[in-house]
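Take this structure, written in structure tokens, and hold onto it; I'll ask about it next.
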């Protein structure tokens, strides 16, 4: 068999169908239309909106390793927090230019991700879960102790973030923050989508499905996982930096176990490994939290907890998983 | 493209929301409360909330006819500045509140402060005690206290009352650092000698190792600062475990370590502790008796207010006083002109006033001893230092 | 004969777990283009041997040579790149992915595009077409877009073979290629193996004696981690020792 | 020299006390993770429930301490059986992610329920007089309660190990942790075994929560805030192991007290760094199987 293939085979419909999997579909415009519509419909909800968008970016970064490479992490706040502190410390120390701040956050968080990935990705399953957790706790303690750099338990105060491109000041209404976060999310989505549909992305799916076989077909599984872990860490770092810059504050909670846990919850609610789970789960969770805690600030935890238990028991796969099941049933 | 979109949208939302930013046009005055209702530290938020609601419910009838005060309550879930800042932002932009208030945590307050400046919204700090916070925005007044206000005088008191050597043990965050610095300064100024200090993490389950260090150093007294709530109880238990009292080491602290409502939980170790505080339920003042009676009626005989509650109560008193004086209509600047000189000679904690220069509170600081009275532990005030200004601001004048 | 380097050779290959010798000083040689079978009772260490050679397990001592070059300490993926490919006794496919995808993944690794993060997988037309051609060759083209989990077991065994062939192996280790397939269907698989190009060196681990005797030119018998005997099918079937410990034991259970 | 000795005794004593609490709570988690392969992040809920039931009985109904503790343990064990049958069982063998999601959900619910029933203040533990104060052992003062805690803890550990080594239940448990499929083929009713092991683990957690209420205060956020501690004990000890978590709890308890006492400025950093190093050296934990 040679690389040149007969025309008959090249024209097989199966090949065409297979090759066109990555084409843009109409529904993929929905999240962006919704985000732009929300900007005009709810001008007084933009601060929340900006945080939702940045958190969606964070969830997207988790989906990349969890949904595609099958790495279960309870410590992705480590990357988020490193990014947040990078952007924050730059802005405190006199460099408040936001876009370069994002890049710096991506680089630093990516490097930390790369190093920790090199250390921990030899193992799988529960042990890996524990190691991700411990790395996050370790960074949390380090930030807690490095008071002169991070402000410790008081948080990093005195960030001076300059206007975006020297023009758009971060305003009280959160309009700039919203559009800034939306742009960051959009760029990240382009990158993630690209990666997911690339040969590399397909090989990640292979790793998730069957790591053993992936090794047997000659894939350097460890290297692939380290690479995607670093990329995901860089994106999470950008998410952290966006939140840091738009709220002009970084606190220890950005590295906390809470954040690692809730981002998982949001993503799983939306649906894992489907690229759009983050876009559904995060807004759902955060809007519900916002509304519930206005009605009943104290017992929000009860209802979200109950929802999670019911979801697992009756609708595994999250919203998108359930939708997929419904449409399948419909077609039959 | 994006630029035009953004500018247009900002302009448009200003039109929508802007008017109410500068003036309270309606007769309803909206007060946005940022407080902690969930998370591990919710109990202190609960105490503050009860103080706020108690004043609100008992004084609504005193408002001028046609004027209403509405509370808009938000949960910041703990020391969580991003959330607190967003909530404050939403309160200003979405709910168009006329006054911001509440806030347990200094980091949260520091995150909100720039917004109050930007939006010219008065911000009544009801608890957060970080000394420098009022300087971030000219629209802040504080009705609680600062750590310096208590730790510095109690340091002086200790040195004057036979304590020669001391040690400090504080939580590793700004208020803790404030306490350490203030106590040491007061204590050494009066000739006392510091033997050392230890700082422990803000969230810490067991304090025994730290208390043992204190015990090893054998000082006459130890100054302790931890945020009120479960940390206070834990640190006192640890002091009992290692036997500080038996070793003859006196415990000196700010009020945070012996909140009135926690005293039964802390138990016998609390007896003999000397604290500087701004409020004790044992305070023998008519206004306090009235306050206590109202409290017990509203929340039951087993519920006890503490200094968190009083901060909320007095903060609401300031806001109500403003609303009455302006008949429910005021701009941010008008409000600040009024609040800056606000005073109440009859607060449950004694006479209080706002220092027009620093917008911080001036109040009596009481030296109290925790003791058994009628089978219950109480904080008995036995010495009063009248009209204390925040010493930190005296030592660190604002550079203009 | 021995001056031609062996396609695959092991020297004193051993693996111990404490006192347990799962591979005991195995000296094994596979000539280029060989059709060689490895047989032995359950627990003889056949799959362990495959795992050692393929690089899933690291030997306690001994050497492995591919084309005369040592590969003992190379990671698994490098061995695959050098043409040493294996299949699995229990299907190890990407069950939720389509058949075409399964094969495409393997080809992508072989031609080295799998580390490309930017170019769309679908734009590598030649790779997809090659995968499809392979499936067509194996009579699997109709199921190309079905997920593996939907296929009948026999078809899955063929797919297992397809994924291995996609890697263009020089040395192919087949771990019980017909395991679990109803005897009526195993013919297709045997036919497939017989049709493999002669330049592929083949080592088959098998229980099914029909298959072994039809395909293998040489047979090695493994017992308790060591080689009992090696020879032509005729020699093996007449070997008294083998009949006793192996063939005798293989009464239907 | 004398001061070094005092320091060593201090660290050993308080480290041991902390270790007992950690072990009692975590050993059940180790079994759930090793035997059932279930990531039960909500394990701390059983501990805090035990603490609440105990303090509630003592403070509201004046039930004496030992009785309150016993009632707490058996109530929690019984409750855990109900939860195992209703909720956990559905998820055996399912994706780790589903288990994580459900158990985080349970933690969230426990926080709200605890706050609703008991308020957000930590529960006070009013110890009987025979347990407060100090005892003199060899010319040194030790807090009575922690001494009691250590003695009790040791007794329980021995009882637990005897149960696992000597009883039929223990043998089945060990066989199943070792090789579940083999155990099933040997005719062990693993469903029933899971339930029993789960109840035992939860009961022990409740015991740890109740006994340890003086060290790890009982309040709504308990199950979440202390989760990292419990998980680390299991990870360091080795999942599925009964003894591993004991060694791990000892290491962590003593190191925690020691570093806080000797090097307070480093906080918990060194503990976590040690944990990380250990997990890199032995990913399966000290006593876990490779």
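Labels for the chains are A, B, C and D, by order of writing; each one numbers its residues from 1.
Basically, a residue touches a chain if its C-beta (ideal position, glycine included) is under 8 Å from a C-beta of that chain, and two chains touch if they have at least 3 such contacts.
These figures come from a predicted structure and were not determined experimentally.
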Between subunit A and subunit C, the fewest steps along chains that touch one another: 1
Chain pair with the higher count of C-beta pairs in contact (A-B, B-D): A-B
Reference subunit C; chain at largest CA-centroid distance: B
Centre-most chain, if every chain is reduced to its averaged C-alpha atoms: A
For subunit A paired with subunit B, centre-to-centre distance based on mean C-alpha positions, whole Å: 38
Where subunit C and subunit D are represented by their mean Cα positions, the distance between them in whole Å: 48
Subunit B and subunit C, separation of their C-alpha mean positions in angstrom: 74
Junction residues of subunit C - those touching two or more other chains: none
In subunit B, residues with contacts to at least two other chains: 38, 42, 172, 201
Residues of subunit A engaged with two or more neighbouring chains: 144, 298, 300-301
Pairs of chains, among all present, that meet the touch criterion: A-B, A-C, A-D, B-D
Sites on subunit D touched by subunit B in the complex: 3, 10-11, 14, 18, 111, 115, 119-122, 124, 126, 134, 141, 143, 146, 214-217, 219-221, 225-226, 257-258, 260-261, 264-265, 267-268
Interfacial residue positions of subunit B with respect to subunit D in the complex: 38-43, 46, 172, 198-201, 203, 205-206, 208-210, 212-213, 216, 229-230, 233-234, 237, 240-243, 246, 261-262, 264-265, 267
Subunit D-touching residues of subunit A, taken from the complex the two chains share: 66, 72, 74, 119-120, 122-123, 125-127, 129-131, 133-135, 137-138, 141-142, 144-145, 257-258, 261, 264-265, 268-269, 272, 298-302, 304-309, 311-313, 316
Residue ranges of subunit D in contact with subunit A within the complex: 33, 39, 41, 87, 90-91, 94-98, 100-102, 104-113, 115-116, 224, 227-228, 231-232, 234-235, 239, 265-269, 272-273, 275-276, 279-280, 283-285
Of subunit C, residues touching subunit A in the complex: 54, 56, 75-81, 85-86, 88, 92-98, 100-101, 104-106, 108-110, 113-126, 128-130, 132-134, 136-137, 141, 144-145, 163, 166-167
